[in-house]
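Chains here go by letter, A, B, C, D, E, F, G and H, matching the order in which they are written, and residues are numbered from 1 within each.
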């Protein structure tokens, strides 16, 4: 199993730590993992992304141009990475703030209202956890419990009381995506 | 013909320009020439030397460790270069200020009182010209007239009125050396 | 008092830094609720008190604002 | 007046710069006619007026002079 | 209706100068670099010397200054802009030459080049953007970072005992006989921005007269490096940077040194 | 007879200190480097810190200072002695550290290292030999060469318009909060040499107390580079160098700046 | 005792490894993509943890000369930078090599020449291996290809530096420096208590003073020093060659790649194998000393070698020198911050293979 | 018209040649053994003769960046230094190569590493040829072996620099720089009147502004730049190889030597011939581009090659790469300021010859 992902969005959306949590989750699950951020002055622009690879084999390059899964959280990221998803791959996007929907038909496209959900949860900080949940609902590459364990690693000790809240957010994300899928299925 | 010489002494003795004059003389005589000074902070100590090569073939290295002729004008120079004369070669030294005479017997050794002569000529600046004369007397590698032409090249225009004086000094040097040789012969 | 001045805001270039808000002596400017395509909130005119002093325009790091004034 | 001081000059190390001559308040020092083995003229004592003030020694760049004084 | 009549070409009183290109600036929201660029461009515009001007961009956030400043430009190695400008000015003495440099560029790695260009009195303008931090590389301590101020390489605040004091390099170069006009400005308010523009214009005028090096320091913000929003950052700048780096002229033609920066230390 | 009684061990009042080696100095006749070395060595001797001292030699005529100064030493790259000394002092803070540098080394290629070490207030002593010329390389213009003064790279005399002004770097660093004691001395007369020694001793004492950077400039001669005999060169130095580089303290503990070097310009 | 597995960025892992290795001092100047090293150290409270000194220098030149000073005191001194900053250190590095001072220099390589881009590259191979500074000298050069090696090589490189009194360079790149992957840290090592006897630390009374220098005015002396240095480099070549082999036993064709390219080449090797091409991979770990013998050995076995480098062809020269004509050696590279993909590497290999087979009928 | 023959020091001759070549600006910092260049220029009243600007910079780094500024204006800019000073210029040289600026850098090589000694050496070959600075770039490198060539190459190198928009290095050494020999100067060339259109000289109204830079943030762009540079270097390799052959027609053994060593190797060749050994000499004049084809050709003819270098073995690698195993290639060197003598070279050759003959029975 090798899962090659890009997570892209705004600096403030917790894009980089999302990737780290998934990686730590992978470690907990005994996988090889790699995380590679975009770096450089283009970050001035405010966009950020990271490439995450989970695999049961040694990972060659942590930098990729094509992905199994792209999680895009703002319009510029969708514009940039929609085309980078491998045929048959997965594109997940956050609905809020997008001005267009993806055009590709040879990939699976899923959307999520994670931002609104985080507002409903009265904590926009858990936005990225909801997105993780959404991902796991579609592609259960990691056990939820391993993701939580990963979270424990990434979160500084003093924030550990927030873990239950984050877990809840992940589960909310899973539900949200499943509901959507249900709706989709119902429609289809 | 290839003549490989070292001229060594004090900074103020005109050692470097002596070499240049000989080289220019060589040029006038249609020879290949090279001149290479010692350089570096050891010059702080006040000693200076230059290697002069006159040849009818292209000159390989202008830096040498063994010489056909060594002209040494102070004690440290004699100490350093006496041993660098090739067997059968020539060592010319200035008598004034030397505390010992050369020890080698496998080379021709000649001395000169050029300093005293320059004092007699009331111009210690021509000291090095007298030495050149001394050299030419023993080893006529260059025509005197070519040396004079060389001198014209080395001397800035504004000093050209001094050329006759310098020529006189060269001839004095030749005489001096020939007299010595005569004396020597007489003795021998 | 009738407006003596007016501005044009190139909202697509606005980065929502709000420096212009501070500079306007007449509180003409506010931030939009919406974001532009780059995701920034942008400056909007909220009244007609503009005197054309150009203060907003001169401090805008992105040169987003053009200013007109009846002379 | 009897000498109160005296100096020893390491003539082999002297470079003949004459800085010490200038420094001596009693004109004790002069340059030799001869040169040392390196070819430098060197400093010599020419009278017994030395007071042991050590002025010559302290300015000698080559630390050639040692100074003695009756205390 | 009234408005319609206002927005018409003859009423235009302020728009981006043609000495700036049309390109969108890559700077962070609220960053003073943009305004500083524009003030310089306006000064060049006012003097009508766009086609006689050659600029030198530094390595720093303004490394791409030539994307925006519509004049011939050279991109210098980090810290070496004054040397590059020297090379330019020596072979093209009749051109107007400026460098545009950050504090890391000008006062850390480029200290020797800055001091010696000023000391030779090279006839060019140095625009020095002092934001007290290395913006480009992600917010490390600069030579001008204030005591106690935090950065990614002094996360507990600059400790002057081990990291040294902020360097008032502008006051230093003002003392060199080679500098002619040295001033400290800011661009965060309309009034200050206009003053900064005037200072740059004056400096370029002196350059025409071959008066020596002119230095216009712009104390500026770095919202990203300081981890503040732009408006906060400007306030923080006024409260913390200005007391240490007091605005105003430091060396004025005819008068010489008029400030020793002491009031700021 | 009287003399015999004088030259005896108990009457010895001055001889070369043991903090100098027995090696013959390679300096030109009459060059101040030798005396400056000795004054520094005597200061170390008087404080009894020979075994706790680490020196840094520059690239310049004194590149071989470790042949003569009988303490542990490191030979730095040209201009980098203050950086090397920083490296030493940071890992061995309890040692006494000094650099010994010429004007080319300290004020040209090493300007940034000098300014920043002083600005950080690194706890070491900088002995700065200002002879207004590059001695080692054969008499080229130095940053401190006087206006009109001749050298092999300004054969017609330093032209300040194209070559810049002599740099009073000592006055500059005196203004940095990191420096604690900054003074300008000479070693060409007995009185001056003794004063220079006292200054170096004081500086080393301050170092023990971790007071920051101390700088002792020694205005010195370079008979070879200046093309004068030693006695003439000292006279020329008094008449030409001292007016521009006035001797005396520049920054004094407790008092701060006591001279701005103006009287010399 | 199994150590805890952590997920760390290459740069941060190196910084932590430096603390754990008992390094005495770090001097550096920020530059992307390696600023995390100094940032991490500045946040890690090294003063309390081990007493390690960390200083942000005014420039790369100052930093390398501070390293010289600290190393001259026999301390473990570290600096890091990226390509343009490393170029500035060239004089200092030559001085360190000439004065035979042990120290470690990390180059997290980005693309060149000039300012170029901050994206990953391997185009400083020549500079690291052939001596970018003046004079005949060699650095020991280690090229990590994982975050784990970044950690391990910090310790190894100080061991080698002190063993041979020679500067060691860790030639990392923007990929290894910026990526996070699993890493196991080692235990805290003590800092050196006694300085080596060649170090300056204050002259012992009665003893001769200690001098750190690279200056030898007399050519005769200098040649002796050069000869001693060369002899040392030969020793290093004899004892310190390190490399890794992947499926070389039956290889008919060999990839040679170091650092992050080796990771990708390994994937290309797998792809090749899956297509029936018996590819192997040799990964030089030490770039100096270079695995000359092993490459020479394999030259007798394979029908060709392909180096994979993120540059325009640098290490390929050393491979060719090792092979000395016994088998064709070609280069495949992407550069300017572009990273080769396994597919294009395979494609390049296939093209070469055809050429090789045409040339030399098996 | 036969020009007057003069006797000049290599360094001074280069300085005079720079004036005669219509060079616009010289920026430099004193260092032995090349300070005569700036001293000569400062005494030559260049301002009046041609208007050439001469400035003593505060450092080598400042000097190379001044060259960058002047070269960016399309002017002929020159700098010179010696080994440690050249190391300091590495970043600047990489920038010049990256921004494709024409200029000439003279390195009058002295021994290294570190401060070492000021005596002559050839130990900066690698630095000059393999790129001492970061990134994939090449300098065009010319190695004069006479004072006459020092003069001629000043002019040639500016021609090449402008033809290819590339920095050119003249790799001289302490021997060639300090020695005097016969030289014929060329006539005064005019300074460039019109700057090339890529140069900054003030944006023409209506036109796009001109930018001199080596920065290309996007890897895709940067790779294109790298490819363009590489293509240019291939062009240079195609058109600009220069070398000299001595008695190669019937040579059974070949010396390869550049610069001052080539003079000495030539003498050794004569000695060898006089002992019945049919020796030849190939003297690369351009070190980049290297005379690969010619060496390859001769590899089929001779039973071995011996490089003679004043270093520990640098150019020998390029000879080996050219030969690619077709004939043995060995190195003979003296270093640290020591200069090889013809006798010891001959001796080295004789020893090698025996080895070679043992190995490969003719």
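Observations on the model:
Quick note on the criterion: a contact is a pair of C-beta atoms (placed from the backbone, for glycine too) under 8 Å apart; a residue touches a chain by one contact, two chains touch by 3 or more.
Computed from a prediction, not measured in an experiment: that's the story for all the values here.
Counting steps between touching chains, the shortest path from subunit D to subunit G takes 2.
Each step here moves to a touching chain, and the least such steps from subunit C to subunit H number 2. In terms of C-beta pairs in contact, E-G outnumbers the other of E-G and A-C.
Compared with subunit F, the chain whose C-alpha mean position is the greatest distance off is A.
The distance from the centre of subunit B to the centre of subunit D, with each centre set as the mean of the Cα atoms, comes to 37 Å. For this pair, subunit B with subunit G, the centres built from the Cα atoms lie 56 Å apart. Subunit D and subunit E have centres, each the mean of its CA atoms, that are 61 Å apart. Taking each chain's centre as the mean of its C-alpha atoms, subunit C lies 54 Å from subunit G. Shown for subunit E are the residues that touch two or more other chains, namely 27-28, 63, 75, 77, 108-109, 111-112, 116, 136, 143, 162-163.
Subunit A has residues 40-42, 46 in contact with two or more other chains. The part of subunit E that touches subunit F in the complex is made up of residues 108-112, 115-116, 119-121, 143, 160-165, 167, 171-172, 175-178, 265.
Interface residues of subunit F, counted against subunit D in their complex, comprise 2-3, 5-8, 11-16, 20, 24-25, 27-35, 38, 187-190, 193-194, 223, 229-231, 234. By the touch rule above, subunit A contacts subunit C in their complex via residues 10, 46, 74-76, 97, 99. Residue ranges on subunit G touching subunit A, taken from their complex, read 5-7, 32-33, 117-120, 174-175, 178-182, 260, 263-264, 266-267, 339, 341-342.
Of all residues in subunit C, only 2-6, 8, 13, 15-19, 21-23, 40, 48, 52-55, 57-63, 65-71 touch subunit E in the complex they form.
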